[in-house]
Structure formats: structure tokens, C-alpha cells
Amino acid sequence: MTAPLLELRGLGAGYGLLQVVWDVRLHVLPDEWVALVGASGAGKTTLVRAIAGLNPPLLGSVRFDGEDITHLPAHQRVRAGLAMIPEGRRLFTGMTVRENLMLGGFAEPHAAELAGRLADIYDLFPVLATRRDQIAGTLSGGEQQMCAIGRALMLKPKLLIIDELSLGLAPAIVDAILDALIVVHARGTALLIIDQDVGVGLGQADRAYVMRSGRIVMQGEADRVLRDPALHREYIGV
Amino acid sequence: MPRSKPERRAPIGPLAVAVLFVMLIAAGLVLNGYWQRTLTEVFLVATIAQSINIIAGFTGYAAFGQVVFFGLGNYTLAIAMTSLHAPFLAGAAMGSVVCAGFAMVCGVPLFRLKGHYFAIATLGLNEAVKAVVNNWSSLTGGGSGISLSLPAGNDRGNAQVFYGAFLMLMWASIAMVWLLGRTRFGYACRAIRADEDAAASTGVNPLFYKTGAWMVSAVLAGLAGSLYAYWQSYIEPGVAFDMDISVKGFVVLLLGGAGSVFGPIVAAFVFQIVSTVTWGHLLTFHLGTMGILIMLTVLLLPQRYTWSERRRAVVAGLQSARQRLVGARP
Amino acid sequence: MLLTQSLVNGILLGGLYACIAVGFSLIWGVMNLINLAHGSFVLLGAYVTATINQTLGLDPFLTIPISGGVLFGIGYVIQRGLINLVIARSVFSTLVFTFGLNMLLVNLLLVAFTADLRGIIVPYAGIVWQVGTVRIPLTRVAVFASAVVLTALLASFTNRTRLGAAIKATSFDVDAARLVGIDVDHIYAVTFAVGAAMAGAAGSLIAVNLVFSPVLGDYYTMKAFVVVVLGGLGSIPGALVGGLVLGITDNLASVVLDPGYRDAVSFALLLLVLVLSPRGLFGKPFYAEIKA
């Protein structure tokens, strides 16, 4: 059994003193595609922010690539190989696509390699190449998501986490993005995709977790979870 | 987090308020000149604090230049009494009208701004009015200010009257805030503060409530200004439009807690004492000491305005922590 | 003609205004912080220059790197140690906090230097060029040129350096900045320090032409306000244009109206721009909306 790349042990997270996420045990292996699904308000974003270091966890621990990163500041996690795209894309809206992508390589400014990576990103998402000098805030939703993913890939992360991948995007765009993610995954990046849309989340995943009210209530192989009638209940609440 | 019901005030019984009321009146009769003056200033600062509470605390619009109404109250009264030979009450009434009118007229363009922009617009407003007053010598005496004739009667009696007047004004301002908290008007204002767009979509006309609140707060500050001018018998632009007054009002509000009756009074008292003591004994560091006090107040007190909110937040957090320790489900 | 002289004076003054304002604009635009102590930073720069000039005889223009450096250090420490603690608070809170900070700084300056008006007379102060009926003092031109150069340096810093890119990114989205590896606390401190350094450098320029005293800081803060609102938040060319507009308006107002009304005109201009077009002349999209 390979050692997990990302491992959460009894993680509790929240805002200030108020706890919202309870006792989460979750792991991602280095070559896995894991999905995290749940209705809105389930605590997914809070959990993801805790993994990324934007909100310090209240309890438990986060281990990445063998190291305990529970209290590592957010801006140092990307150097360790952990990349996260938050809900809503969160591009640097007033800067160009190219500037956004280049900032993805901020933590390691060795120019030659970055130029090469940039070319790779343009290959993956050709539309970004055509719009490279356009202000990021003027891009369409799908293009922004591609730009965000491109930015996150600039440092060749070991694990890419995407929060609310499909929010506000047309299905055709989501499919295009998923196709690109398949390529990214095949090249060796582990994926943790969080989404409200069960189809998006579980479609390509190896394993899945389901969250409700701040807790993991179901987990297992993605196919099994998808077919499990209990999943229906989790979402509809009947 | 949206609040779903109006503020429940910390339960200070009417008895406690009445007791304080009587004590302060008694104090006015008994204290010597120095303490009487100090308390009178405390009432003034507490009034300004409530004026700021109405606009910044309720609607969330930080009128940093709120002192402009204090200044307008000063000058309207002084001009009324010297040039128009009007009695005090008439002059104060005119001051109120001027302040309300000014708030209404300026509100329309200014309330389109938000956050920092609104704050500096009010700052600019104050500075602009101050500059105009400073130069319109024929009307305002310019930089030399205006001297008012002293009120008739002996000094001690007059001091007591002013003490009582400022005390009444402070209670009126507290009552105003209390009333506002219980009416639909106040509820609408709070809705605007929480989420203006959401409030607008439920049929609340933001401009109406924002301007209304500003007008009420302006009248309070204006009355304080008119009373102040008559009390001091001399006004000048630098004092009447002094940004210190806005700042002091806000700090006292923060320190005392916007939802409390006693809080701002106690805070104003503490502030005045520190101010007077440092002025007397540490004159060269008076400014710096007050500056440090202001910074410490902002630093140490959490952003939520009322002590009951703060208490609730701490209680919620402690409950959550207790559950964590016990391992119970939420 | 008096009007032409006013115009020229206005342009020369405008450059100085721009230099004063550009640091203020950077701090506001990136950190959403209005630093009411900005004027005191300017004065600190002026006093550093005056002190060095007095003790070492160094020309004020040569002290610019020193005053800039000193203010950079002071600014970094103040932000990291003090302002960072309140940066997330409400508008009123941060305004009042920097107001209190300003009170402290003014007090320290008063204790160190007294309230006496101070100035510097440089040996070449008397050199005046005459172009037609217009008199152009050398010192004013030197101040203008320095101001423009300093502003241009700041522009290349923010646009061409990696640190500048990090600062710009942080101004757009703090979380996203963290997620690409930017140490936001450090960036905030650097931004504030750079803003303070620009203020200090502007102070050196003020020391050349004008008299100063610790109590005059607010005047410069107000000028910075008007320039930033006029020119647009987050735009360095905007600060230049805003400075020029204000400089010209100030001088024309002194000539056309009573000199005392000059400040009233500045603030009327501020209010007019806020009411008609809060974004100012060059305000970039995505700045004004976020920074409200």
C-alpha cells in the first residue's frame, strides 16, 4: 500500500472559535483521482481552505508527502507541491492572462523553465494562448477556470485541488475542462476535485467522499458511491 | 452571518437608568466647577458618540467627517445670536434645521459612495465647509471666530444650567438610539448595513433611510454644537470643525459598546479623565498619549459594535470548543 | 501674464503633489488602507533632509535616497508590527487607528524638532530663469524633475519587477496570492514601506522649496487624497495627471479668488469628482469596485 500523498487525520476546521467541519479522515494516493461531493453548505469549502492553509485547522492534522503541514503557512504549501484553485476561480482580475499564468510560477522564478511550462499550458488550453494579453477579468467563466488551472499547473504540483470546478459553467465547457484534467492526471498529477455536481465529481474519479453537515458520511470507490441509493438520500435529504 | 432578528439590548433595567439619571443630576448640584465642567464635556462626547452610532452603527456608513454638523450648529447659533439677535432656543432650532437640511442635500450625492469613498467624502465635506467658514469673514468672522455675549446670571448658576442642558441632550441622544433600535426605521437601517442590495430588493428604499438616519444624527450633533457655542461664548473654525471630535466620538462608541447605555458614558468619562490628566501633567506628550489610547482601543476591541454581540460570539465559540473537548456531536 | 505664471507654477507644484500622492495611492490601492499618517511620513522625510543638510552640509537632493531608506525601514516596521493587526477591520476603525498613529508621530516630531517652521536655503536658490514675463526658479524645476523621476521609478518597480508583480497580484486577490506562493504579510509590509519611502522622498523635495513644521502634515495628507481621487486609485499616471490638475487649480484659485479659498476649492474638487466619477480620470477597472 503506497503512502498517501495527502492525508487528513481527524481534521476539524471552522471560523474563529466556531467549528464547522468535524473529524474528517481523508486521503489521496499519489496517482489517484479523488472526488469530494456534497450539497452546498456541507462544509466542503471550509475543509479545502483548511487543507490549503487559508484557515488554520482547529483540530487534527494534515500530512502531505510525508510531512506534517498542519501549521505551514499557505504560501509555503505550493512549494511543497500542493496547488489549490479556490471556489470562484480567483484570478488576478486586473492583470492579463499571461501575467496570471506567470504568477503561477512565482514561488520558483527560474525563467527558462517557466517559459517552457507556459508553452505546455498553452498546448493544454489553446484558448489561453489566443487571449494571452487580455485582461483576466474580461474572460468568460470557462476561460477563467482554464486560466486558473493553468496558473496552478505552472509549478507542476504533485496534487491539484479544485474547489467547485463546475460552478456557473456550461456542461460543454465542463467537459472540455475535464478532458484537460484527464491529460494532467495522466502526466502524473494527483487530483482532488470538489463539486456539488455528482456527475462532474464522480465521473472520472477513482474514489469518492461524500460530505454532509461538516462530516464525511460516505466513502468508497467512485462507481460504487455513484450507484449507491444512499447518495440520493444525502443530497435530497429524504 | 446574517442576523435574523433585531438587536436585543443588554438587559439594563429602567431602574438602573433612572438611578443613574438621578445621580447625575445630583452630581450637577454638588460638584465643584472643575468636575462639573469635566462631566459636562463627558455628556458632550457621549452625545457625539450616539450621533455617530446612528449613522455608522445603524446604517454602516462611516461618516468620518460627522463633526461638520457640530460645526454648523456652532456657527448657526453664533450668527443667529450675534447678527440676528435671536434668543438661544431660536438659534438652536435654526441650527437643527441647517444641519438637517445639509444632511439631506449632501446625502443625495454622497450616499452613492461606499466604504472608504464615503468616509473621505465626508472628511472632504468637513474640510470644505471649514475652509469656507474660515474665509467668509463677513458672515463668520473668518479665522478670528465669533464672540457671543455671556448669558445673564451668575457663573455658578450658568454652569449648572449648561451641565443640565448637556445632560438632557445626552439622554435625548440615548433615547433616540434606543427608540431607533425598536422601530421599523432602525430595522431597515440595520438591514442596509448587513446587505444593502438585499435590503433594496425587499422594498426598502436605501436612500430614504440612509438620509433620514443622517439627518437625525446631524440634528443631534448640531444641537450639541449650538449648546457648545453658547457655553464657550466663543467659537472659531479650527475648534468647531475639529476632526478630533469625530474621532473621539467613534473611539468612545467603540470602547463603550454601541448597544449599551452606560458604556459610552463610562468610556467618555475615562477618555476625558485621561485627556485632562495628560494635559495637566504630561503636556508635551498629551497628543501622543491620546493617540496611543486611540490605537489601543481600536486594537484591543473586536470589530463588533455592541458588547452583547461580543458576548454572544464568545459564548458561541466556547460552546463549540466545549463540544470539541467532550467529543459530542453538534 | 499673471495667468501664465500661475500655470507654470501650477505645473511645477503639480509634480510635487504627484510625488506626495503616489505612495498614498499605492498603499490605498493595494491594502485598502487610507493612511492618515501619510503627511507625517512626508514631514519625517523633510526633517531627515534638514538634519543631514545641517550637520553634513549635504545637498537636499542627494539626501533623497537616505530619507527614502529611513522611511522604508520605519514604514516596514510600523506596518508589520502595528498596522497589520488592524488591517482587516472596518473602515472607521482603520481610519481612526491611523489618525491615532498620526497623533503619536506628530507629537514625536514636535518633541524632537519643536513647532518652529523650518526650511533649507540652498546656495543656488537665487537662480531664476526668465522666459518672457514668466519667472522659473531653478529649485522648482529641479523639484519637478526629481518628482517625475521618482514617480517613474515607482512605476517601473511595480510593472517590471517580480516584487512589483506580487504587489499587484495581492491587490487583486489576497487568497489567490497566497495560493501562488506570495507571502502576503511581507508584501503588505513592503507595500507600506515603499509608500512611506515615496512620502519621505517627497518630503526631501518639500524641504528644498517650502517651510515645514510638524503640524502641517495633515495638509499634505489632504493633498494626497484629492490627487488620488482625481487621478484614480491604482494608477501612477493618474497620480501624475491628478497632481498636475490640482497644482494648476490651486494656483489659479489663488490668483482668481481670495487666496484663503484655495483649500476650499481643492475640497470642492474632491467632492465633485467623488460625486460625478468616483473612479477618477484613470482609475482602473477592478480597482475601484473592489476597493470601496
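To keep things simple, chains are lettered A, B and C as they appear, and every chain counts its residues starting from 1.
The working rule: contacts are C-beta pairs under 8 Å (C-beta built on N, C-alpha and C of every residue); 3 or more make two chains touch, one makes a residue touch a chain.
As the structure is a computational prediction, the values presented were derived from the model and not from experiment.
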{"item": "Farthest-lying chain, centroid of Cα atoms versus that of chain C", "value": "A"}
{"item": "Chain pair with the most C-beta contacts", "value": "B-C"}
{"item": "Between chain A and chain B, centroid-to-centroid distance (C-alpha), Å", "value": "49"}
{"item": "Length of the line joining the C-alpha centres of chain A and chain C, rounded to whole Å", "value": "42"}
{"item": "Chain B and chain C, separation of their C-alpha mean positions in angstrom", "value": "32"}
{"item": "Complex contact set, residues of chain B against chain A", "value": "313-314, 316-318, 320-321, 323-324, 329-330"}
{"item": "Chain B-touching residues of chain A, taken from the complex the two chains share", "value": "12, 14, 16-19, 22, 58-59, 213-214"}
{"item": "List of chain A residues in touch with chain C within their complex", "value": "52-54, 73-76, 78-79, 83-86, 90-95, 99, 102-104, 106-107, 109, 135, 137, 151-152, 155"}
{"item": "Parts of chain C lying in touch with chain B, wherever the complex brings them together", "value": "28, 32, 34, 82, 85-86, 89-97, 99-104, 106-108, 110-111, 222, 225-226, 229, 258, 260-261, 263-264, 267-268, 270-271, 274-275, 278, 291-292"}
{"item": "Chain C - residues contacting chain A, complex", "value": "162, 165-166, 168-169, 171-173, 175-184, 234, 284-287"}
